[in-house]
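Below are two complexes that have chain A in common, paired first with chain B and then with chain C.
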Partner chain A sequence: MRGRNGRNLPVYIGMVVPALSIFLFIVAYPIIYSFWLSLTDFNPNRGGEWNFVGIAQYAKMFNDPNFWHALKNNLIVVGVSVFGQIPLGFGLAYILFRKHVRASGFFQSMLFLPHFLSTIVIGILWKRMFQADGPVSTLLQYLSGDPSAQFTLMLRAETVMYPIGFALIWIYTGLYMVIFLANLQKLDKEMLEAAQIDGASEFQIFMRVVVPALSGTILVSSILAIAGSLRGFDLIYSITTQGLQRNNAMVLPIFMYQTAFQDFNNDSRFAYGAAISNAIILISVSLIIISNIIGKRLKAGEEN
Partner chain B sequence: MKRFILVLMVLALVVPAFAAGQKEAAPGQIVVKTMAYGDNSNPEGVNWVRIVDAFHKANPGIKIDYELLYDEAYHQKVAARLASGDVPHLAYMGADARWGAPWKEASQQFDHRPFIDGKVFDLNLIPPMGPKNEIFVLPLGTSNITTVLYMNEALVKSLGFAEPKTYEDLVAMVPKAKAAGLEVVSIDGADGWAWGSCYMSAIIARLSGDANWVSKAVAGQYKFTDQVFVDSLAMITRMVKDGVIAEKSVLVDYGANLSTFSNKKALFVVQGQWAAGSIDPAVADTTKMLAWPKLPGEKPAMAGSVAAAIQVGYGLTKAGAADAKVRDAALKFMMYFYSVEETTLRLREGAIVAPILKNYQVPADLPLIVKQKVSLAQSAKNTDVIDAFLGGAANDALNAGMQKIVTGAATPAQVAAEVEKLLRK
Partner chain C sequence: MRANPAAAARLKRLPGSIASYTIFIAWTLITLVPLLWMGYSSFKSNEELTLDIYALPKALFDNRNDEYVVIPKTLNVILPYDPELDTRERLIIESTTIAPTRRMMVHFLVKDDLPAELAGLQPGDKLLVSQLPRAMQKDINRRTIWFNYSSAWNRGNLGSKFLNSILYAGVSTTLIVLLGLMMGFALGKMGYKKISLILAGLIGFGYLISNNSVIIPLFLLLSKLKLTDTHLGMILVYTAFGLPLSVMLSAQFIRGLPDSLIESAFMDGAGYFRMFFSIIMPMSVPVVTTVAIISALGIWNEFLLVLVLATSELTKSLPVGVFSFSSLQSTQLGWQLAALVIAVVPVMLVYFIFNKRLTQGVVAGAVKG
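Coming up: the complex of A and B.
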């Protein structure tokens, strides 16, 4: 058997099949299984019996206030990532690239340092920062002169995402800074010098030359940020304590975990959990498609 | 060169397979698939590894093929293994809503009664766990008290007070304690479960006068919207208002709570009996383990009561019991695990209240706090622990609701209504 270009087809098949099999088994199969599961009331712990329930799990999900609460929090995380971490990372990378600060290597290392730490460790660290009479509360007591002052933003649903957003920026800004810094190195320095000679200010160089040139990097970073934000579980789980704080800060992956693995009162908890998982995938894909459309309209990614 | 690379690649694939094979059971060995509880940094985990190694040396024909996990990781893996059909033969489990629910749901609870040796275990100390008085698990010890009020006696005396007999005695300590920069009763209020397990489980029994109010409410005999439960929730507001419990307690987690007590910054701490081993030894020597003093509106029948649940332990699953050889091997290991020596070690380390072994002689040289624990277990009336009966979303709503009451974000009536709604849903 020979292929179009005269090579041996079995060799091609032999090379493709192992990777394809692994992909189908560990990526495609769980997605298809999860979609099927979400259309049933199947609970593997209750034997093999199941009923097809159509979109009942999805209808239940849309009527569940916890879903909307978790979705809102997830979108806040996406917002913090796309409109917080990326611009900050870009700005810091530009400052380092243009050598506007001394010891740029030191700042680069310090900003990237949180990324070397385990997310769980970071979560516990920030939890300690926010606890009663912890460092943040002590600072508040010092500034306000009130020895009983406490940092209570973690206790209210409407404010819990502020400290968490701050922690997210602290962790991930360094990553985007490194990505942008690496791409900035590829820029034609003569182009920047030409702009400077033409009398462009630093801000104009940044906005008119650098940003358009790195629009593709911004788009890729946005996609990374969106995908990462929607599957984010570890930081929020570890930075909050079980109960009010975690309920306040609940995001879709935590909602899915608590539903599928902890709510033993719900007979079809695995199927409901699968519906929530599929919603995460759909929302993630939708946001990435929107990013791509915006990127195309802005002609992002054409710098290469 | 190509052949050399090919050989290397083949070796890279084959060697790990053989290496993995070396860890497998030897031919003829009986394998007991086990889910154990602990990690490599805590006494439970360290002792587990030591016991299994010793058992393997003494019983080369049996292999305890275990997975050692702790806390949430354990619960998550139990759910995953049961769902995937990879049911262990032997596992750390309980019989209540938290520790028993996954095994019950998967119909893997096995009645051990025909296999429990009455000459070794005191059957009177092992409570029935199922509707037909089944025993699904061999508890590590007698009932697990969850609502202990630990008192730093030296600190209380230093302020001129004695052991409180009534709630008003606690309130009387507030001004002096505040002036000294001390908390009266510290609780890890940032952990939702602490409010349910370690606090409210005692309060509802005291105010209702019914030791089994919670289980009856879950069964439908009472409602969580009943006035007595709303009043019990309102006790939180009262204690915070009186300064007995600090409002900031909702920002204190388990570790910080015990640290507060160990650092002599609180007169009392509320926790389960298991926390006794985590108190600084110097403070533990002056610590008394008490039940809550008489509360306002308390019914005399429940005076001095504490909430207690059946302690968790190891149990066979139905999958493990299905094969007589595996079952007997697992039971042999359990006898090893629950030996007098190992049980005494658990008692000394504060992991259990009291052993379930028959004719067990309590060593005279036990640490003072362990003796206190045994004394409390022997004297106090036991009542329901909330999360032993109330699970899922209703329990979560109750725990978070009590935290909201502390912060003023919800009223007792609102929390009670939410719990009742979610329970009957």
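Coming up: the complex of A and C.
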């Protein structure tokens, strides 16, 4: 019935194959397909005729101002996540951890709520909130006493990323707060008490004891934030209106989507779109590697 | 000072406490106010929403004395019954206050049930709701309050999309958990260390790939197989992208189970099949819960895949339905808000009922993944 150490090849294969075959077929094969596609001029308007064109699609991408515009916005989103959501989430978690507020369970569940809701719904809701005649404009009118005051940040190309950054913080800060809180609770309580007895201030304890102890969590959260922000599509797609506004707030996944699935006259839409997708993966892998290196440097610096 | 160090310490902490409470209460309000606004505004008429965007709903609730006008049976009046099967004569009335003249707030009253003086009214004549028989008043009252919701549900075709969302989340999550646990068991407890390591690495790499990074080849692949715009295609894709997390967490968990457990099961003469279902599965409940929560929520809220792969109304899920309904320029604002509420309420219910488990599950998945 069974071999050494519970070995049994037919059973092993039977257990592995269902999951593995679905995975290989739907995830692994398309990755290779995508790589191949980006090196051709695959033409869906001519029944899929194709020639090998080398890195021509990537060269086109580097010369496309839309790509750089989308990349810039995408890096803003990454920045908001790494330097906005994570520090804020950490700070909030620390307040709860040090028991400065009661009812921490209540606050925790309130702040974490947006993470569970459909990003599309949140995008549409904030689009409504930010509209020229929406609740935020009305609030501005009450506060300023000027009946013609309007919230116009969504309307201008230079400022459209501000309200979007706000919405991103609104959605995701709770997630990082919960992650940090869970890891704070694993900290050695005696270490903190010892620091307190030694006369360290709250701020000193935070900077010298807590932050170094959680550097691993900070790194993991940053990786999570970078990967998530680069592939994020839903919020910006739904908070903007198709056309000028969406183009102003364009990020790489939306650029890819519009290229591949809305630009039907573009003969190389799938090949070019695949090049953009691959660029997103490359950028996110390299940012993750960079943050790993920075994380290790910081750790090594502390030990010296 | 020395007499009461505890009180002194508390005093020292006071400014910090005040600041902390301020931050948390403000953040909670910023989180809740938009959601509450969405909730109560979904019961406001369009006219109310344009008049004062913050006022509480009134017009749809306070409808006892609403005025209606009798309208002729023109082409732009959509009959809620089949006139060939149901030949009873009806008086068609339209509200003069809620979306007037737009044929949205319309009732069809069976003339036989009306008192003679009302049944004889001609197009253009006006009447009040309070003049009608009790049963009709009640019916109109209820339909007026839920006007935004029934309009969103019917015109946005949200019913079938709701069912699709449940189907995708339910079936895919079941497959993700079951297949992931099977593979996790093989990788974690069945030996073949080298193959298992390679397979785990392969699957782990998949965790870095989200479905929108391969959406183009996926679209081409599924179109070739005629699987786009089918329930099967969607379920396959959702299952595939949920598997990496499931396999990794399951393998890690099952590896940690004591070997003696499996040994003793073999002693009792159990086969692999029985052991998997009667020992491994029940013991893996914590990891199964985590995986199921993350997968089901992710699929319920997923948008881009359905946007690209589902072209017909038959296979669309709730987020896409709500999005396309809410971006229609012609749609009334109140209806759009009602559609958003419909999409959000199930998740909120689940969230507040299983709060602790959900929070733990997401943290476990996020950190280990």
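Of note:
Here, the second predicted complex is superposed on the first by the 273 of 304 C-alpha atoms of A that agree within 3 Å, B and C clash if a C-alpha of one lies under 4 Å from a C-alpha of the other, contacts with A are read in each partner's own complex, and residues count from 1 in each chain.
Keep this in mind: a contact is a pair of C-beta atoms (placed from the backbone, for glycine too) under 8 Å apart; a residue touches a chain by one contact, two chains touch by 3 or more.
None of these values were measured; they are calculated from a predicted model.
If you put the two complexes together on chain A, you find that chain B and chain C bump into each other.
Once the two complexes are laid over each other on the shared chain, residue contacts for A:Phe261 go to chain B and to chain C alike.
In the superposition on chain A, A:Arg46 makes contact with chain B only, not with chain C.
Residue by residue along chain A, chain B and chain C are tallied for touches, and C comes out ahead. After overlaying the two complexes on the shared chain, residue contacts for A:Asp133 are found with chain B and with chain C alike.
In the superposed pair of complexes, A:Met110 makes contact with chain C only, with no contact to chain B.
In the superposition on chain A, A:Ser222 makes contact with neither chain B nor chain C. Once chain A of one complex is fitted onto chain A of the other, the partner contacts of A:Met154 are limited to chain B, with no touch recorded for chain C. By the touch criterion defined above, A:Phe270 reaches both chain B and chain C. Contact with chain C, but none with chain B, is seen for A:Ile22 once the two complexes are overlaid on the shared chain. On chain A, the surface touched by chain B in one complex and the surface touched by chain C in the other have residues 133-134, 241-242, 257, 260-261, 270 in common. Note for the complex: chain A touches chain B at residues 43-47, 127, 130-134, 137, 148, 150-152, 154-156, 241-247, 257-258, 260-266, 270. Contact residues of chain C toward chain A in the complex are 13, 16-17, 20-21, 23-24, 27-28, 30-32, 34-35, 37-38, 50, 53-54, 179-180, 182-183, 185-187, 189-192, 199, 202-203, 206, 208-210, 212-221, 236-237, 239-241, 243-244, 247, 262, 266, 271-272, 276, 297, 300-301, 303-304, 308, 318-320, 322-323, 326-327, 333, 336-337, 340, 343-344, 347-348, 351-352, 355, 358-360, 362-363, 366-367. Interface residues of chain A, counted against chain C in their complex, comprise 1-2, 4-9, 11-12, 15-16, 18-20, 22-23, 25-31, 33-34, 37, 92, 95, 100-101, 107-121, 124-126, 128-129, 133-135, 138, 170, 174-175, 178-179, 182-183, 202, 217, 220, 224, 227, 231, 233-234, 237-238, 241-242, 253, 256-257, 260-261, 270, 273-274, 277, 280-281, 284-285. Only residues 75-76, 79-80, 82-85, 97, 101-102, 105-107, 190-193, 195, 246, 248-253, 256, 391-394, 396, 399-400, 403-404, 407, 409 of chain B touch chain A when the two sit together in their complex.
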